[in-house]
Structure formats: structure tokens, C-alpha cells
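Just so it is clear, A, B and C label the chains in written order, and each chain counts residues from 1 on its own.
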Amino acid sequence: MNIEALIASSIDGLMLGFVFGLMAMGLTLIFGVMKVINLGHGPFIVMGMFAILVMSQLGINPYLGLVIVVLLGLLTGIVVYFVAVHRVINAPELTTLLATFSVNMILIGALTIIFSTSPRGLDLELPSFRTGAITVLGTRFVAVLVAVGVTIALYSFLYRTRTGKSIRAVANNRGAAELMGINSSWILALSFGIGTLLAMISGGLLATLFSFTVLSGGGLEVKSFVIVVLGGLGNPTGALFGGIIIGLLESITTIFIPVSWVPVFEFVVFVLILLFRPNGLFGAR
Amino acid sequence: MKTLSSPFIWIILVVVGGASLLPILTNSVSLREDMFLMLMLVILASSINIIMGYTGYVSFGHIVFFGLGGYLAFFLMKEFQVQFMLAALVGGAGASLIAFFIGIPVLRLRGAYFALATIGINEAFRSFFTNFDLFGGAVGMFFNFSVYDAYGGAKNAGQLAYYAMVVLALVTIGTSFVIKKSKFGLGLMAIREDQDASMVLGIDPARLKVLTYTISAFFPAVAGALFFFKNGLIEPGPAFELHRSIEALVMVMLGGYGTVTGPIVGAVVYERLRGFLITDPTLSNAHLVIAGVLLLLIVLFVTAGVIGWVRQRVPALRRYLE
Amino acid sequence: MSTTNSVILTIENVSKRFGGLLALDKVNLSVKEGEIFGIIGPNGAGKTTLFNVINGVYPPTEGRVKFRGEDVTGLQPFDMSKRGLARTFQVVRPLSELTVRENVTVGACFGREHLPLEKAEKVADEVLEYVGLAERKEMLASKLNVAQKKRLEMARALAARPILLLLDEVLAGLNPHEVADMLGVVRKIRDQGITILMIEHLMHAVMNLSDRVFVLDYGAQIAEGTPQEVSNHPKVIEAYLGDPKVAQRFLEGAA
């Protein structure tokens, strides 16, 4: 076996893993704060992709476009929260699952009308670094930087700011937080907005790496579930590690087994973790 | 049995059975195709309702049993020329057996964790079958036309599959009713309302849940066998299509969670609506958006579903709308 | 009334530890057939934990539980139910989306006698009559008020036709009139020959009702005996002295 190939795919997988981690972080944040499994996660990722696509067609640099995506994501999330989730936030989980699934249908339907389902891609060239068999694509490198930057920003927000602390308080105990004078509706909406913007940024980054369609969200959503469960439902740091594990797994295992077996392995691990380590690989038992 | 003396279930069975005769009486193949699909959805939704509506376990990936039953039966029919009804029953039994063994560990999970696990199970099977060469791998399996010779040709086979689907739908609805009205069903509903309290009241939730899951896997599996028998082709994608599971959940919610009639009404309304939206030229592009908006309105404002809503509004009808 | 001397429930050296917290510390008690046995103690003394250990919600860390001569330590709640143990919850747990009658039918169907549905429904009707909820039997359980929910809990437990009934603060949250009604129900149940083990905060009630009283404090038993004996016990007075008013009521209650 070729050691260079191993290193090359490890680096590749690691870099991809950061983006996957960022992608899953939005899903896990929303679950952590309000115990809602957001089935609109996939379309949010896709919205990020198409937002970047449209902006690059308008001549805006994709990376600059990410800043706009942040605002767009926050706004979208808050609107979706108040329209679809707020009314049923205390209902059984099936209700919120279906509410977010209807958001999924509406968004995918609307995106299909606007963009059709044909494959798209960005025309983006960045210099690559090369040593021997190891090539690091510039786009991937920047994606990692952005993913790490966003993660740091998220954590500073959650731990350093008053609003961030309120979010954590609501996640811990909504009733108690309300007694402390926190307006939980607003905090929940904001958290949903942040979860959405994380999904959209990761979508934007993925758009710089791969080609995509309106329907790419489905697979990425399921992948996000796997990552979230690996890292522990509701745990953003866990999601980042989960993303890295999946990224590495997908690239390294392909050296040993055919690519098509990777998902079998992934999903079996997913179910086993739910059964035996429901708090994730790193969570307390 | 006292339960079967209820007028309600006979009315339902007569209505569904009567509707199923229409395509035969009118000799319309396209109507028969529509009804075939509709009955299949009724079976899927009713089965999901047994585990979800009665027991409170949201089996998101329930379609896995449709795929498993379909694959098992298809393999038997193709490789061993097993008669299709026998193959379908074996497929159903096989899927139930798998549900039994999966259910033991997975039904210990609650709420969102269970829902996610069922998605994982479906995806694991789908990706496994994509790689499983004995069952045709990614391209799946297809029949030679000679398979249909035993049934008097493909046209006749389609007709037979239709009759079988009608019978299966009636049996599924009947089972759903008998469960709901039985001591067993009462135990399930106690588990749904408060599992810990139900244990203190003398219920062994693990046993009841696994049995329920096993039963609710059987009907979709037989339906899958019939569907792919008529189709002549089975592939991993359509066999384990998560979206279809979610649609079936939507039907249950639409019609009324935990009722016998709810899933039937939900399946019919959803499918008619989708059919209408897709065929209307101006609406066809927007069909997903419209369906999504309708679903959202129902979820937000008519939580009990159509049947639940009627039951709340017109108490006199309760006896007839279980 | 059949107050024989045969022991129906024995707790031997039972301890229960949650992480670093010792919720029960070597508790010993025995309940005799036909009596009303009261358990009292300050908040957090471990009373409900003791109930949970007895009916199998969780196993004890140490010690044994014996019910009618059989070692039942570590059995599941549904096993205990079949052996004739029923209980009510301190915080009521109605099966909200089921009707009152269905709630009670569950108790009869899966209780000690494991009745078939139709017989269970008849039992449910009888029991609902007995606790005074008959007119509300077609209502959803969630629509009842607190006092009615407490009665429902009681009815559900009774429908199981238990031998031993554990009552966890059935009087809490009731107004004086409702308390008097409930006390009547409890006495009637005992007169049917059902042994009752009850946790209660309302001192005058527990002192008037109980044949024997057991006092827990910080997971340990500090006294056991007739209401008079217990209320004069120095340790009990000490445990309740943190609140002199309670101590006062305590003594008056026993008188």
C-alpha cells in the first residue's frame, strides 16, 4: 500500500471534514437549543450553494458573498422559525418534524421552480500546493480556514456575549431562563437563525468544492444526521469532530474498500452509536 | 368477537372494497393503476399509524420494510419461480422477522433518537443492497417476461397483483381496527401517553412494542412485494426511498394520528391532491410548494388531522369514526 | 377488618445510591397485612425513592425487598404489578389523551388479575363509581382538575385489584374538603382488606389514619411505631424542629 496516497487522502478528508463539521453544527445547535430536528436543514444548505452561485454570476467574489450569506441565513432562519416552528415549539417532536419537513418541501419546490434541477458548479480557480503525490487544492484550504473561523466566531459568541449566554441558558432550561427574564421566543428564533446561517455558509463552501443541484440537500442532510449523532446530539464541538471523522472515513476507507461500501459502514456505525453511545462518541454515558 | 360487531369497521371495509371494484367495473386500466398506488399508500400509512399513532414511536424509515419485502419476494420469484402470492407472504414474514430483531434494541430508544435510528436503518439497507450482488447490486433485478407466463401474461399478472393489493389493504385496515379496539391496543396507547407510568400499571413495554413493530413491518413488506412484482423491476433507490416514508407520515398526520380512518383519508387526500397539482399545467411546477404550504397549515392549525378535527367538532360521529 | 399479624412486605437493609448521594441508608421495615402504614419525613428524605425501590422503578444498591414471602428485589414494575402491587404517583401521571374510563381500564387489564378487555371495562366502571368519577368517565383524562386527577390515579391503582397499595402524597394539593373526601376513600379501601403504604406530608391526616408510622430523614430511618410513639420520639422532634410550627402541628396531630 502506498503511504503517500494514504497521507494525501487523509489531508483531503481532514479538510473536507471541517466543512462537514460546520454543516452539521447548524443542525446540532438547533436541536440542542430547542429539541427540534430540523428537516429543513438540507434545503438551507442548498440555499447557501445557490446564493453563492447567483452572486458569482453577478460578479461578486464567492468568499465575499459568504458575508452576505451570513445575513441571508440569519434572516431566513428567523423568519422560518416564526412562521413554521414557533407555534408548535412545545408540541411532540413529530409535529416539529413535520413542520420543518413542510419547510423543506416549500423551499425545494421554490428552488426547483427558480433554478431547475440541473447540475451547477462554480467556475473558481485558486492556486494549489503540491508536494509529491500530495496536492492541496486552494479552494479546500480556504474552505477550512473559513470553517475554522466561523467555528471560533460561534464559540466566542456563545461564551463571550450576553446574547450567546442567553442561548446557552435557554438550551439548558428554557423555563428557568424565562424566570431569569430572558425572552425565550426571541432567543429561540435567533438560535434557529444561527443554525440556518451555519448550514448556508457550509453550503456556500461546498459550492466552491463540488458541483451541485437543487436536490443535493437530501444526501447532505442525512450525512449531517450521521455527523451530529457521532458528535452527540446538541453538541457543536462534537459536530466538528464528527465531521472530521466522517471526512477522514470517507477518504481513507476508499483505499481499502470500494467507495460504494462506505455508506453501509457509515450508517451501521450511526445506528450502533445511537444504541450504545446516544450522547455521541465524546459525550458522557 | 365483540370488536367485529362494530358497524364502523364494516362501513370502512365496504367503502374501501367498493371503491376498489370501480376500476374493474369500468374496465379502466388507468383507474386501476391509480387505485393500485392509492391502496398501497393506504397500507403504508395505516401500518405506520400502528407503530406511530397507537404506540407513539415515529418510524421515519418505515419504508425499509417495503424494500425488504420487495427484494425478498422478487428474488424468490425470479430465481426460484415461486408463485407471487406465496413469495409476497414469505417477503412479509422475512421483513417481520428482521423487524423483530431490529426492534429489540432500537425500540429502547425514545423520541427523536428512535426516529433518527430508523432513518439510519433504512439508509444502511439501501446502501447495502446497492452493493449486494446476489440481489443485483446498484442496477437491481428485473424479470424476464416469461415470469408472467405463469399468470397468463403481464396484463393478467397486473390484474392479479391488483386483487391481491385490495385484499391486503382490507386486511391491513381490519388489523389496525382490531388492534385499536383490543387490550393490546389499549396497552400501546398507554405506552404512547406515558411509558414509565404504563410499566407501573403492569405493562411490559418492550414486549408490546417489539410485537407491534413486527406486525407493522408485515403489511408494507407484502405491499412492496406486490408492487415490484407488477413493476417487473426492483432497484435500491425506489425500494428504500426515504421520501416515501415521510410522505406516508404526512398522510397519517393529515388524516388523523391514532385513528383507523385517519391514514385512509390522509392517503386518499394527499394522493389526489398531488395528482391534481401535478397534472394541472399551471400548478405542476409549484406542486411541491403548494403541498408544503398545505401541510404546514395542517400541522400548525389542525393538529388532530381531518378525522381528529371532525371527532372534536361532531361528537355524535365519534362512534363511527374510530 | 382483618388485621392479622402476617407480614406482607419486608424491606431488609435497603440502600440506594445515586452517584455520590446516598438516598436510602440501610432501611428496614415490615408492613403487615391489612394495616395502613404511614411514611413521613422532611422533603428529600428519600420517601419516594423508597417507593421506587419497592415497586421496581429501580433496583436497590444493596439490600432485599420481599413481598408476600418472595424475594422481589430488582424485579420490573410490571412484574410487581402482576404480583399485586399498585401505586399512585406524587405528581399525577394521567394518560392524557385517553378517556378517564380507558385510564382505569388499563389498570384492570394489566394489573394483578390481567382481565380481558370487557371484564376490565366493567371493573373500571365499578371503581369509577367508588371513587366518585363515574360521571366523568368519557372525558379525556387531561381535562380533569387536580383533585379529580388524584382520584383517577387512585382508581387506576384500585382497578388492578392490588394486595398492597402504595399511595404517594394523594392529599397534596387538595383543599380541606377534598382532603376529607379522599381520607374517606382511603379508609374504605383499607376496609376492603387492601394493605396501604402511604407517604404523606399532611401530619394530622397521617397520624389519624395510620396504624403505624415510619420516619425517614436523610435516607435513614429514625423512628417507627404507633403515631403516639413516633410523635414523642426525640429524634423525630429534632428532625422536624427545623420548623417549629411543623413540630407543633405534628404533636397536635398525634393527640
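Definition applied: a residue touches a chain if its C-beta (ideal position, glycine included) is under 8 Å from a C-beta of that chain, and two chains touch if they have at least 3 such contacts.
Quick caveat: nothing in here was measured; it's all calculated off a predicted structure.
Common partners of chain A and chain B, by the touch rule above, are absent.
With every chain reduced to the mean of its CA atoms, the largest distance from chain C is reached by A. Each chain gets a centre from the mean of its Cα atoms; for chain A and chain B, those two points are 32 Å apart.
Separation between the centroids of chain B and chain C, computed from CA atoms only, is 44 Å. The geometric centre of chain A is 50 Å away from that of chain C, both derived from CA atoms. Within the complex formed with chain A, the chain B residues making contact are 52, 58, 60, 105-106, 108-109, 111-113, 115-117, 119-121, 123-124, 127-128, 130-131, 138, 242-243, 246, 249-250, 253, 257, 285-293, 295-296, 299-300, 303.
For chain B in complex with chain C, the touching residues are 2, 182-183, 186-187, 189-190, 192-194, 196-204, 258. Of all the residues in chain A, the ones that touch chain B in their complex are 31, 35, 37, 39, 83-84, 87-88, 91, 93-95, 97-99, 101-110, 112-113, 218, 222, 225-226, 229, 233, 258, 260-261, 263-264, 266-268, 270-271, 274-275, 278. Against chain B, the residues of chain C that register as touching in their complex are 55, 57, 76-78, 81-82, 87, 89, 93-98, 102, 105-107, 109-112, 114, 116-118, 120, 156, 160.
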